[in-house]
């Protein structure tokens, strides 16, 4: 039996980002199990993958400290990070040891623009997400006969939301939408009713919120309460609109909310299987799980091809990767300066108590309901 | 009523009291005298349960109170009016007094309040003033008044005349006499040696952690050693 | 504006628990937020477990949390800190870490909320739609403030609390059990938090960190209203709610948070004792 | 601490500690440790600077601040923004960032002390300032807003980025030791005596001719400067800063806890406290890892919290107090 | 040296000091006496700059010092002690005194040496002991030592003898006299009449905030107004008797 290959899984499972971290970790664990059950890394004599887990505690120092520890334990690569600051710091710490680092989410585009050879991002970056979100919105609107003209942007005031809102503001105006107002809010927010009231006063056709889970739930519920019914809620990288807890607990408020976000490819059989597996343990289906599942698979594939535990070889293999056995709607991987060029978000909509992919057509499993009436 | 036997106490490593034995009988005034820092206050604190005794036994009203909590001791009616007043500065004069009957004599609160105000008319005038802004002497009155609110059976007064005007000192000693005449036993710690010996029936002189002298107050007042040591005569 | 008042009432409630422990005893309780979270989970549990309505849970949870607060102080905070202020700071911090992560370990990181028929009910008062749970919250906040005020000002226990805050030796000598009073104070604080949690849950969510969102505001409310002043905490909460709501309206929700702190700083610089404060 | 005995012997303990720490990297390598401990040590040194800064105003001067994040953040953002936006060399940026932090300290101090804020009023007003800065930094474009400021990776000594981590360690160590020495000098000076007097009783101090406002201002300016240096080093280490890291309450809490844990108002307290806090955290993490794996999130932190409470229960005067008690017993 | 001119102080509805005028001659020991709550301490807090008079002026060496900050006055040579003692509780005895000594001696060595000398003068032992463990009398001495260490020209003593027993008072009287002999003017509030009688050349009596008498101690103890408001007949007789003996 060959010695196991150690793989570092870095996620913030305590602190502010605990939820994302935990769901990421579930995905990574599932992937490792699958790989090991399928016979481990065959080119290394069936070596099993052994997880070395690190809690990034929702801050960069703890992230780097874990990278150091993982390096000390001799991991061959690290996957994860979730938040951009953690990814930035952790990948840089890993670069000292030429330790391959695969970012799962970390949308800041600075992550892949520093010229670090060890750092790869499997998911789409910020630029891609916003571009796609806008393109798809325009397509959606056009297809429905342009019912939406006026827009209110609501965003959390962190990295995600702020940057997004700024871009949206510029591009949507250029595309002929009228931005009535941009409303930032903090996370956690104690009260979203002011935002809801403002929306009611402005009465836009479209509300574009990008917030974390709790805040969006509050907003959606308050909007329902105050009987605010725009023609559409088009969320971008939203923490709730693609979260089954929201769908289950507040079916009315959630109904027909659209989101442009990371999401698993619904047509791949493995997706349904993994989802069933996760839901069987009483957890919900969030994008962090399939994304990390795929990242781990990606790394395993690179190790398989490198046929070595050597870090440089793994980095080379990653850079040359054309991996297809993942469950994201991306197509084969192709890394350019560490960024997976095939990565893109998709559009989902909550329909009939489920989250369906409505865009782009090649991955869709439902048709968009837009504009929402009644 | 109060009996102390072989009492040892101190702070941390240092022993301050090294085997004290004394009694206070019902209806009696006992003076405890001694120079600064010999441990008079420490003795009072041991009696009221604030400082633990190292060895020895304290009995009050037939019960052993060594190791009892301050509340339990107050419940028995042993009330200690501390040195330095220790009034509640953030509360009004009236509230301070009311708290004097926190555990004992709640039922007679109104009547006792009236009595205290009669004893110290100054406090009635300052009724709603916050106690922290009282003058030094007023604070002393308040401290004693608070002690009286609990209807003590034995009242320990630690330097009650400190900072009082001569007139008030006079009144204070008269008050002590009066309270005593009503049957209250008093243990009096004072620097005002002559006047203390004057009102007390017996006295104990604390020196180097033990009672170097004790006896009838009148005899002690005449003792030449004492006069030399404490009166500078 | 009206909404700000209603939100402010919730702040006031959270601050009421704090004004006892922090405002009166001057103990900075880092575990306040974690206790709120604990209470919110408790509301969730009694609802999911026994189908108990959050409002009806008040008579159950308030005494329970009184006990929890009492025992925490009596068995953990008191002995570990010997009632020394900076030690209390550390012990309550340790406690908050334990509570928060304990909740995380048990309930996991998910954000949960309750669905109730009246969560979405609104009162239409012509000019605005008011959320029913918040109106209820407002009413109860006023009641709780009244109750606490009565306890502090009128009862012996209340006076004992204030006495212990400034003069422990003097208090012990009139027969006040200092440790007991500390514990009662913590208990009262915890009970108010439980009530706050019951009022929050119908319209809010809970996760293991949710309490933190309220702590800072609660501290500002306490100081703004004047340390240890119950009417101050109520008024302070309402003011903060309104300020937040107005600033949110004009500066955006996120920059609007600045309003709270600027008002707070200004009030302190101009009137350091807070609106209702006595001499420090 | 008898009168008159002063001079070089006062600095002996500092020299010993400095030497021992200087040997640490070599020792770690010899002991076969990987980067984990060295990395931890660097973090400890950096954060201990923040704690040492706090200790001057809070420990010696009794001005408990809950908002040292304001100064940490000024240092951190100063260092980052000067480089990233204005192209200032980091070695030049460092003193500027420190000065910036110090000035902010002076400003906040002036407002707060003029209004005679004391105790928890002062604590909360500093906290409020830190929050205001955090919100502003999160919104203002020149700080990079919510995206924060990222410094380009460019490993050159001239650029304050080092290939070997030891270099950074020694650099941080030099600053820490310099502040230790400064602390000792303050303890031995009139300013130090006045500072402590202000902490103990302002009215009494004033009656003895102490200009309490001036003393407090000096203290807060110095305190803020040292904490800003911590922020600047932090930026250089992680090359990234955002509003929540720079002005978040975690650093205020850290800066305040470490001296309390270590021994408030003592020279070594902040350093010992930071080491204890971070060390305990790391210990809890590795211990839990070894015992239970990583199945349940947060149980290492539960253990950490319990250890923290236990530490206070058994070392009431802080670690330094414990050390003093033990050595006094031996003497 | 010090002259208080028609000074009044009002706290809310209470007129604590009302139109008091008094003078302290250079090099003298003067006494300020009066019933509890008369406003003596309040007068001190105004002279030393902690409170500003509601009306009136205070002159020191002919300069108007009304409302000047206490630290400035300390530097100018006015030191006070506090009736409710205010030790730096966390510091040792010698460190407490040194804070005062630093005012004229910026160097640590000199300040400590000076502090030791002063502590010795007022009879403070065990200098390394924490101030918090001092007894009441010890704290009074500490107050005195600290104020003295600032090397004042005018020393305001607020009941420093309270809590001392008669023989200790007798021991400390020469200390006060020595201080005066070294050129320090002293104004003292005191209820211990024996000390007032043997120390003071001049006594100022206030009651209810107002001056009721002023003059030599021997004259004061016979003043019926003073006896009535302050001394009481018992004390007055004893004092008169003592004066007759002495």
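The first chain written gets the first letter, and so on, giving A, B, C, D and E; residue counts start at 1 in each chain.
As a convention for this text, contacts are C-beta pairs under 8 Å (C-beta built on N, C-alpha and C of every residue); 3 or more make two chains touch, one makes a residue touch a chain.
All values derive from a computational prediction rather than experimental measurement.
Student: Listed by label, which chains are in contact with chain B and with chain D?
Tutor: Both chain B and chain D are touched by C, E, going by the contact rule given at the top.
Student: Going by the touch criterion at the top, tell me which pair is linked by more C-beta contacts: B-E or C-D.
Tutor: Between C-D and B-E, contacts are more numerous in C-D.
Student: State the chain with the largest centre-to-centre distance from chain E, centres being mean CA positions.
Tutor: Centre of mass proxy via C-alpha means gives A as farthest from chain E.
Student: If you average the CA coordinates per chain, which chain's centre is most distant from that of chain D?
Tutor: Using the mean of the C-alpha atoms as each chain's centre, the farthest one from chain D is B.
Student: Where the CA atoms of chain A average out and where those of chain B average out, how many Å apart are those spots?
Tutor: 74
Student: Just the number, please: Cα centre separation of chain C and chain E in whole Å.
Tutor: Spacing between the chain centres: roughly 48 Å.
Student: Where the CA atoms of chain B average out and where those of chain C average out, how many Å apart are those spots?
Tutor: 42
Student: Between chain A and chain D, tell me the centre distance in angstrom, where each centre is the average of that chain's C-alpha atoms.
Tutor: Using C-alpha averages as centres, the distance is 36 Å.
Student: If you look at chain D, which of its residues touch at least two other chains?
Tutor: Within chain D, the residues that touch at least two other chains are 135, 138-139, 297-298, 301.
Student: For chain A, give me the residues that contact two or more of the other chains.
Tutor: 13-14, 18, 21-22, 157, 184, 186
Student: If you go through all the chains, which pairs of them touch?
Tutor: Pairwise, the chains that meet the contact rule are A-C, A-D, B-C, B-E, C-D, D-E.
Student: If we count contacts the way the header does, which residues on chain D are in touch with chain C in the complex?
Tutor: 111-112, 114-121, 123-125, 127-129, 131-132, 135-136, 138-139, 249, 253, 256-257, 260-261, 264, 296-299, 301-302, 304-310, 312-313, 316
Student: List the residues on chain C that touch chain A in their complex, please.
Tutor: Residues in contact with chain A: 3-4, 7, 10-11, 101, 104, 108-113, 115, 119-122, 129, 131, 203-205, 207-210, 212-214, 217, 244-245, 248-249, 252-255, 257.
Student: Tell me, which parts of chain C touch chain D in their complex?
Tutor: So the residues of chain C touching chain D come out as 22, 26, 28, 76, 79-82, 84, 86-87, 89-91, 93-98, 100-102, 104-105, 108-109, 216, 219-220, 223, 227, 254-255, 257-258, 261-262, 264-265, 268-270, 272, 280.
Student: Under the touch definition given earlier, write down the residues of chain A that touch chain C in their complex.
Tutor: 13-16, 18-19, 21-22, 156-157, 182-186, 188-195, 197-198, 213-214, 217-218, 221-222, 224-227, 245, 249-250, 283-284
Student: Where on chain A does chain D make contact in their complex?
Tutor: Residues in contact with chain D: 13-14, 18, 21-22, 53, 55, 57, 59-61, 64-65, 68-69, 71-72, 85, 88-89, 92-93, 96-97, 108, 110, 114-116, 157-163, 184, 186.
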